[in-house]
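In what follows, a structure is listed as structure tokens, so that the remarks can point back to it.
So that you can tell them apart, the chains are marked A, B, C and D in the order they are listed, and the count of residues begins at 1 in each.
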């Protein structure tokens, strides 16, 4: 691990709750670690579990996925459908030995700017402790 | 070949303080596909927008990334500018380097690096974006209102006044709803019939309103602007067009049954109009009690009818109407006394509901306004009113407050005292909720001037002791148990969702809550809309409310309908799902997950018209662009435009290079 | 049907007629019900306010006694019933209380048995039809007010006895025996037996109300299932007479006694002579004896 | 198997079906698919414990779909996959004649002993068929009892690092032949996600990254759908224990969504529906 290594955390959020929550963190000037890169989707229902795989392949050290709380979904039920997909994906990754501490799911509403900033800081801190995800990244190098 | 322009905003010092904007613009130039980049103090200002517009033209840009504030703030602004410069607006994306970068980070290097990353992600995305067209759907300029109570009447009148034809569907044989059964109304004590009847007449005579009474919704197809409703006109056994409403039939009919309108306190005939002011003033035959229809005897009504309007062989008929918008104003019902075993469960005739009490004091009621208790016709010298019966009682009945009981109980105490000046009346209450214009004053008047005695506490049981009714309860202000002997008990029973409402909601494809009340799209900001575009709600179908609120909502829903139907076409964003019919295998996953029922199976036939296979088909009118369908598709044959896999992967991939 | 009979302490002390008539009915109807060998007093009315763990442990021991004999539990006293049902609830899910109780009992105890009141068993397991067949001495024209008391229906989720506002189990048993049943509002009103010693006045008020209401609704006698109610309603009538100046003279019989009468069992075996308000004149007048 | 031959001849002779898919013997201890178009071929039909193949797989083939009506010999386990195809609109019930065979067990793929999948079987007697042949077999597991997969236990007991190492080792043998996909009765897409290149979801080369991603997406697409027929693992030339992944997700579906695939054609697969009260302990 190099001295100045910083974790790379890819974040998938829904437009209506968590993206707006992140905006609120901004307008409220809640500071948080700059390690995350947010990718916006309309709804957590649009977030494909395979995005996680792709993110790790592209060098992410952790993936954070967040949408509206149950009952808050702008599209009424997108997050309920997403929750089932995430349940299965989490189990599958676990079965395969993927370090699921690096896959974080959260609900974060448009009013939870503080939750969003805390969440990012917590995830960043915990990944800093875990170090880079070399196990997964090594899959990229071993060409046969 | 993509030609992307990057526009980095300082937002004064908001961004520039933590992000080296010139460096971001400079580094952006090295991203493949970027042909132009610039930073500017206020990109959203007119000169800023001009900068974008001019660059689009000058550099023949195929895509634009504006790195500035949140797209929630200015995406519309910049997309409009792009459109003005001749670029498809969906070819413009924003990198949020203010809310999600400069405002939340302190370190200049980190802020600058993150901004460059965010720009790179959006450049990669916009390179893969496809131009999208907004969708335009033709609309049928006609509306349907379901429910002919005061709410539905108001909605129908307002829509029709706006020049849009309305079909008003009522399940009973007359419009008027619950309000037509009330005596006087709070807080002004004006007579309900006196204010409602003119509205009923007005709606009946309006040239743009077609009333279809004694009818229910059988089926609804289509989507916003383009609904097709099938209405079941239930067999009435009376030809409404031939009938003149002369009344000979119901005068001669020998069968007497309990009148629903009179809440079981009076009688009606087997051929009847529910109340004298009924509209349409045409009777129907109650098939369950008619001697001709049940036993093939009698037939008097047919014999006496001067216009030969009686047809015993009448059948349910179906009619189809095409409408662009629907207002659901299906109202409520109140819980019957029989639902409360602790209050006698209906075995005591002198325990009545508040709606029965309305009929007992109403001048047009079964006793013509003479207050007599049902068991023996005695004038009740002492009356006990019990509030929150079935409401605010999550352990046994409903958790919600029925909202109007506090007010009408105050009113009923007054009506009682106006009839029985020496009478005693007691009100058991939990607390008094009187938040409305002149409401608090009204309740105070009942308490202070009209002699209603309020007792704070709930009633545990009601029973008969000899000739008296006994009400046992708690007085929580004096902390004592209390027993009141009285002649009559009036229960303010809870307002409930009416029977059949869930089935109706399912037919219409709209939501309902655990109580059966219909669900609004947003409880605060979209209170009369449903999640299904083009279907609106008003009145007690949503939850208990009083007449002024119901009428306001009828008007509000009408305004929504008029807004929707004011244009010839309906325009919406192009961010909708699209199916690749070549690869779709019709597994129905997307259909099952779609929250809006916007996807259906489509048959693919050969030239001979033989079914070859089935594929998913998106109705762009219904699709709201959530994209839940996309991950559910194993062969990725359905994609949300604007958020296609290739676009989102481009963002992920952009991060690989960091 | 294979039950172990849990009589409880009242039936073995203040209410021997309940115990005797229960056994008589079991014998007469050939029911597979045997008194549990190792039943324990449920500790009612004092133990639960003193020590929750020991209180529950008492009833758990009775459950264990039933397990030992591989029998479901038949209960006569509503208080006992409430407590064994409560113990069953405690054992049904993990909690601190459960582990404390099991530690106190000193062994693992399962609670998969059925627990029912005798009247429920007669009413819907043995069945009204079979009861009707056994009636040789119908209680004709005898107007009976069934009084269930406060415990048997409360709390309804636990007791699962009948409609908590208007139970009908005893009414239907009595009408099956040919009696006229009285519909009256005080079937489940508390008789105040719990305060009969500590605050007799309160208890007297309540008892008087119940008896008066029964009488006003045309009852000639009262049918009860709870040993405490029986005691309270029967024993206090003289006192009520002195205090309120109203002679009530309402015999208060156990439903088991009335069933026994209808089945033609010997009135002395049914211990009718043990009641304070003498039922013999009424029963003779009605031609039942 | 007189009954089976007789029924087959009847169906073929009456022209009720255009094709009958069944089993023929393949050596003394083996069986392979048989495609019956005339009564003569029908004579070769057998059914015994060596009939491992899930013949329902053939129903997803376009050339079979093009036929008017096809009969298929199916065990209870195979019928579960048919139920899933029905629920997912991939077959028309009218177009298929199911000859359900009662079945005590089949052998394991190596030809010895009872197949592991038979120990969790709840449908020794076919639950959906046009005709059921063979003597009834007592069911050992009640319909509402959760199924327990013995092989999973070892995997579940491993640490995360051990599982990672285990799978990297196993998946390193994957040659990306896609036999698993071919043999699976529920892999019916006409264009597989792995054959996509805009974007390229999954590296198509046989390398650690691509092998890992492919096996994730394969298992994920079967989540809540796999009926444990074991065909993928049976046909895998590299002997990768693919069923462990499928069973792990079956266990999850059972625990979290009270769902087992392939019993009720009217019910929706768990990833196409939800309950508001679904477990979400893993979500912060």
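The rule is simple: contacts are C-beta pairs under 8 Å (C-beta built on N, C-alpha and C of every residue); 3 or more make two chains touch, one makes a residue touch a chain.
Computed from a predicted structure; not experimentally measured.
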- Item | Taking each chain's C-alpha mean as its centre, the one farthest from subunit C | A
- Contact tally winner between A-D and B-C is A-D
- Central subunit by CA centre of mass proxy: B
- Query: Just curious, how far off is subunit C from subunit A if you go by their C-alpha centres, in Å?
  - Reply: 63
- Query: Where the centres are mean C-alpha positions, what is the separation of subunit A from subunit D, in Å?
  - Reply: 34
- Message: Based only on mean CA positions, could you tell me how far subunit B sits from subunit C in angstrom?
- Response: 53
- Whole-Å gap between the CA centroids of subunit B and subunit D: 46
- Message: Touching at least two other chains at once: which residues of subunit A meet that condition?
- Response: 49-50, 54, 57, 77, 81, 85
- Task: Would you give the residues of subunit B that are in contact with at least 2 other chains, written as numbers and ranges?
- Result: 593, 632, 645, 649, 653
- Each pair of chains that touch: what are they? A-B, A-D, B-C, B-D
- Message: With touch defined as at the start, can you tell me which subunit D residues reach subunit B in the complex?
- Response: 88-90, 188-193, 196, 198-199, 201, 221, 268-269, 271-273
- Residues of subunit C that touch subunit B when the two form their complex: 163-166, 183, 185-186, 213, 216
- Message: Help me check something: in the complex, which residues belonging to subunit D touch subunit A?
- Response: 155, 158, 160-168, 201, 205-209, 212-213, 215-217, 219-220, 223-224, 244-245, 248-249, 252-253, 256-257, 270-276, 278-280, 282-284
- Partner subunit D, residues of subunit A touching it in the complex: 49-50, 53-54, 57, 70-71, 77, 80-81, 83-100, 104-107, 119, 135, 138-140, 142-144
- Query: Which residues, counting only subunit B, touch subunit A once they are in their complex?
  - Reply: 70-72, 96, 98-101, 103-107, 110-111, 113-114, 117-118, 121, 511, 531, 575, 593, 595-596, 624-628, 630-632, 640, 643, 645, 648-649, 651-653, 655-656, 658
